[in-house]
Amino acid sequence: MLYREAGQFKASYRADQAIFPIAQDRFVAMALLVIAFLVVPFVATEYTYRAVLIPTVILSLAAIGLNVLMGYCGQVSLGSGAFMGVGAYAAYNLAVRLPFLNPFVCVLLGGFVAAAIGIVFGIPSLRIKGFYLACATLAAQFFGDWAFLRIKWITNDTPSGSVNAPPLQLFGLDLSSPTANYLVSLVFAVVLGLGAKNIVRGHIGRQWMAIRDMDIAAEIIGVLPMYAKLSAFAVSSFLIGVAGALWAFVYLGSWEPAAFDIDRSFELMFMVIIGGLGSILGSALGAIFIVLMPIFLNQALPPLGDVVGWKISTATVSHFESMIFGALIVFFLVVEPHGLARLWLTGKEKLRLWPFPH
Amino acid sequence: MISKAPFGGGAQIRDTFPKLLVERALTCGSQPAYREKEFGIWQTYDWSRVAREVELFAAGLADLGFRRGDRLIVAGYNRPRLYWSMCAAQSLGGMPVPVYQDSVVEELSYVVEHAGAHFAIAEDQEQIDKLLEIKRSVPSLSVLIYDEPRGLRHYEGLLSYGDVQARGERLLATKPDAVTSEVAKGKGSDDAIILYTSGTTGRPKGAVLSYDNLIWAAKTGAAFDGLRDGDELLSYLPMAWVGDHIFSYAQGYIVGLVVNCPESAATVMNDLREIGPTYYFAPPRVLENLITQVTIRMEDAGLIKRKLFQNFMAFARRVGPALLDGREVSFVDRLYYRMGELLVYGPLKNALGMSRIRVAYTAGEAVGPEIFNFYRALGVNMKQLYGQTEASVFVTIHPNGEVHSDTVGKPVADVELKIGDTGEVLYRSPGVFKEYFKNPQATKDTKTPDGWVHTGDAGYLDERGHLHVIDRARDVGKLNDGTLFAPKFIENKLKFFPHINEAVAFGQGRDFIAAFIDIDMTAVGDWAERRNITYSSYQELASRDEVYDLVQGEIEQVNRDLSFDQQMAGAQIRRFLILLKALDADDGELTRTNKVRRGFIAERYKTLVDALYDGSKSARLKVDVTFEDGRKGTIEGTMRIRDVAAQAATPIRKAS
Amino acid sequence: MGFFLEVLIGGLLAGVLYSLVALGFVLIFKASGVFNFAQGAMVLAAALALVRALDVMEQWHWPFTLALAGAFAFAAVVMAIVAWAAERLVLRKLVNQEGIILFMATIGVTFFIEGLAQSVFGADVYPLNIGLPKDPLFILESVFDGGILVNELDIWAAVIAGLLVTGLALFFQRTRIGRALRAVADDHAAAQSVGIPLDQIWFIVWLVAGLVALVAGAVWGSKLGVQFSLSLLALKALPVLILGGFTSVPGAIIGGLIIGAGEKLAEVFLGPSMGGGIEIWFAYVVALLFLLVRPQGLFGERIIERV
Amino acid sequence: MPGRIRSFTEALLSVENVSLTFGGINALTDISFDIKKGEIRAIIGPNGAGKSSMLNCINGFYHPQRGSITYKGVQRARMRPHEAAEQGIARTFQNIALFRGMSTLDNIMTGRNLRMRTGLFWQALRIGRAEREEIDHRIVVERIIDFLEIQHVRKVPVGQLPYGLQKRVELGRALAAEPDLLLLDEPMAGMNLEEKQDMCRFVLDVNDEFGTTICLIEHDMGVVMDISDRVVVLDYGKKIGDGMPDEIKANQAVIDAYLGVGH
């Protein structure tokens, strides 16, 4: 209905292959960016930053990372929590051992360390598939949990095992305010997200999807399974690692190994499934959904409970939460395996065809 | 794209297309001239590229022995390279002869032979095959050039477009002015092109148009509707049709339209949508098909959408045209229309690829008002134009704000119109063709010494200055009192009523007009049922008083219409009868394409015709018929004849 | 040496319990090709149902044995409902999807069951006593001085596990349904020929797995008390499966023993040098290394790819 | 163009005494034949004759226990499928093996991956080299799309395409690799007559326009006879005929095999 595509013809392949070939979409995307960067900072409160905006942004980035691996390359991973941890602790160590490095440089480097580790734990994927691989990634998760907890060197021998991020500053200006935190995370998320989008629509992305859709055929037309899979692991771990480092430095400030345990892995997996496998946009939608849902439940359930005269504790709320998430996962896998992203697309198609039904 | 100015920029007066091309290449060389949907995108060629292509191809032709005055057959679907080859031929002072790509070998063969062409360029294998076959019987056709190589690999003795240009390049290397010098020789009065009119009767005739003709037409048309540089046009109509030649070729050079060639005939709708032209032409049947498609697709829509659609469309039919014509529309209506624009009209135009249209023409056959108005209602500036090959298209067009579905508009600048004493429309204009190629007799028959051209259409001008075309001139007769009598015109008016299947009007050499009515069994049938009028057979139904009343009412309505029309006011239906049997092709009363054979019917039902004019109240019929199953038999019965009151001629106002 | 044996035996006995959980996985995987991540959650649910029912019935002052029987019956019914729901609401909808989708679905199921079970039965730690003696005993005192310490409960657990496995073996070999289940494992078409509709088979097999979970829950529950961590047993059982192969009952048993023993030994003899707590990943790393050598596990069938 | 006689000299690939067994079953027994540069070579035989196994050996998906395969004059040891691809062997599959989640365009683009080199970093930025590379290969692919007349489904996910079109897309994906040897596994299986004729035209055009050597498998003789230069006939993993189509038509053993006589 709002689309006016007549006259939007493509005279070059560059235009034809653009991320947003349709002018109206370009406009919306631009508008969103403007809002996120210029409007939000003026309206958001400390609470919204801490509870909603920053987690959403950072976890979106992590979800994009996981989606690269699961959604595009079809390799299931239950170890993403640990890889966030790797990013976080790597960045931490770089920061404490090489104090002259800017924290954000450390964040990036943390990503690269995570990528390296990712490749190592990706090697099994060359021999094994499906849930065998899932188990392998679980190994990564548990090994991570253990290492963060027990290998004192990683936590720089801090007795409590909890570590603190270095003060955030760039070119001398202090970035510790919530607004700054938010904007920094947003920059990382947008830039790296764009990068991921570019990769998945390029030939490497096509190799991943080929492996995902039919690995045998892929190999027979000359895709190197090893290169395709390991590159997916690397890119995925890099993004997740950076997200982890941001999570630690920007969001948590000081943290313990528990921040990156298996529940984080599941959380990310839910974002990807609910948001939509094989969709960058979906990853973000998933993150938003998963972050907002608990907040919503915490607001909504107790009052509802009171109505029917039933005292609902926060514990109960969390139980409901896991029930609802569980149910949603099944629901999406059954009804719409491509998640919120596909729902969004279907809606968009309807708008484009309006007033015709199809 | 090109280092040196093509043709050395030699030409001064821009009176031929090759010269105009030079100018464009120099002044706006980097602006898009042609686009073609190929390999997934709209490949774009700017003017300097076109100039280069044309020069090379022209040189190639010259090298192959193409001389001033030679003819180049152009066969194929609209393709940039074919358009360029035309300009190349013209550069050398030759004449392109575009032919209908779907014409069968016989037709094509006649044209090739009659045009005496030695050269031909074809789009693809399909066309090449035809030309090769012709070549056997027409040896003069010596050089065959193709654009699309697919499947031609193993053919002998063909040249590809590229081959020709390669030759051209070599020639230009030695003789840089090979083309430029020829271009400089061209004058506006030279023959530019031969367009063969697909003859409805007899052999096709090749109308020769000069540069002056075409350039006048292109300029006048552009001025009339304010076409501008950069307007987009989708060229999908046959290149052999004068309309396409003016819109996609002449106006390209004159106005700087961008000519967009679809990927294939099959993808036109989609390509139209992508390009979203600002300037559009479609024959009535295309417009009709589009509406049908829209209706069909809307049928599967949900109830709400459907209601929304119907509601807003109904509203638009009322308000849309008024808005387009800039007439008074209440604020509320404007607001409501805006809403419709957002919800229905906009998306619909978008889906049809008509969002950006500034002016659209339809012509050819008479277009039904409801079809015509559908587009105006949506806010598409749809107009009728009346034109001919012999006129370089433009004779009349609907001016903005004066669009009446019952007229074909006003004469464009420099066009003089007059109505011959037989009622035939004649015109004179700078666009009038030079002659029919190698056919002085036909030329003499069509074009008077002082330059008036017989259109062969009967029509008249109303006092708004609008031309009405009513019928083919040869069918038009006169009553004894000299009033114009156009049977088809009247019959069509009658046939607008669902209850009337066919009608036959008489009046030539009589005092008044009388008509046979052939009722539509099904329509009248359920009309009768809803009034629980019982009947057992066609004959019985046809002779019921109620039916007579019904038909009489409708005839009076027609008379009323006619009375508004001061030309036709005199030619009203005074008597009629309802035939006891349906007119039938098996009885030779209709042609196979269901056109009434007036003469034959007049013969067969002579008694009835006489009865209509001798004032008798009834007439007896006894006639042999052939039933569906082929059995022969006779029908007989008596028919009452009714008189209808004539309406007093009323002054115009209420018209349109 | 004695200490070594003590650790070894302790490990083997723990391994028996892993096997119990692993069994549940194998059953379901064999019959429906589903890798049921929810097995751990089912253990939790079963145990919670059992322990809560037991409390209630003891409040009604039922005699212990009767209460116990009643509690088991109740828990069994709960597992039946779970099985039914799983088949009706998940499996049936995802029939002939590729395994990994089903796997993720069962993760969803896991969260659902955990949430539901805890909000219905409560989320605290409930000590469970089903009458199993808990006294430590010393065996082989003649061989080593001080003998070897084993927990009586573990022995019982081993016995129960043994019984369960034999029972299952018989069930699979002897009964018509059992044979049907094996048939399904081979291919679904075959199942029809056995004359039992797929959905029934799935229901049954999930039920059986549920009961196995109940037993496992009961034993672990009485050992550690019933608490959320039970559901993490699933994670313990995965390496067992990789080792033993997803499709083999004996594989589950032996894998369980290997892992149990291995991780205890590793913890005791390597752990200290590595800062301890290595058992959480040791099992996995073993399994993983094993995967690379023999992807189909000890007893699993090899998969041949075709084009 | 039935009965066309073309002669070829240089052997592109030759199979010598190849035998292949799956756990006891003899899929192929002592097969020898060669494929000459530029010809259209057909391998026919009733279902289960071992045709697909033969193809799988040629492009390195199966590894014969005995015998050798010489390609481009090099007798090759065990090679992985992707190595075969690098050597210029492309193929299509009996039961279509397209990437269902991807569009027609992307599927064919994957056929170019061997020639696309830019690394992750440039891909992520998608400027300069990376973008140019993408566009250059898109141009090639568009030519193929045009050649196979599938423009109208360019952006449609292949999962939604009718069977006949999917086969075409798959052919396109193989062509995109610009192979020296093109293996077609039952390209006409399950097609109606019209689709078969189209496919024949494409096969001939490919061989004609790009000079690609083609080895195609079919189980029904009809079509193949018209388009292939030479035909090998397999039955129960053994070679029972080899020669010009007309010779094969006359070959008694072949006729028996097709009538199911013998054995």
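A few points about this structure:
Going in written order, the chains are labelled A, B, C and D, and every chain counts its residues from 1.
The rule is short, and it goes like this: a contact is a pair of C-beta atoms (placed from the backbone, for glycine too) under 8 Å apart; a residue touches a chain by one contact, two chains touch by 3 or more.
The shown structure was predicted, so the numbers you read here are calculated from the model rather than taken from an experiment.
Least step count on the touch graph, chain A to chain C: 1. The interface with the greater count of contacting C-beta pairs, when B-D is set against A-D, is A-D. Chain centres here are Cα averages; for chain C and chain D they lie 49 Å apart.
A straight line joining the Cα centres of chain B and chain C is 82 Å long. With centres set at the average Cα position, the gap from chain B to chain D is 51 Å.
Centre-to-centre separation of chain A and chain D, using mean CA positions: 41 Å. Along chain C, residues 307 each make contact with two or more other chains.
Taken residue by residue, chain B touches two or more other chains at 40, whereas all remaining positions touch fewer.
Shared interface positions of chain A, defined as residues touching 2 or more other chains, are 13, 216-217, 220.
Looking at the complex, you find that chain A touches chain C at residues 74, 76, 124, 127-128, 130-132, 134-136, 138-139, 142-143, 145-146, 149-152, 216-217, 220, 262, 266, 269, 273, 315-316, 319-330, 333-334, 337. Residue ranges of chain D in contact with chain A, taken from their complex: 59, 61, 80-82, 84-86, 90-91, 93, 97-102, 106, 109-114, 116, 118, 120, 123-126, 130-131, 133-135, 137-139, 173-174, 177.
Listed in rising order, the residues of chain B touching chain D in the complex are 38-40, 151, 153, 263, 266-267.
Across the complex, chain A meets chain B through its residues 1, 3-13, 15-16, 353-358.
By the touch criterion stated above, chain C contacts chain A in their complex at residues 35, 89-90, 93-94, 97-101, 103-105, 107-116, 118-119, 123, 235, 238-239, 241-242, 274-278, 280-281, 284-285, 287-288, 291-292, 295, 305, 307.
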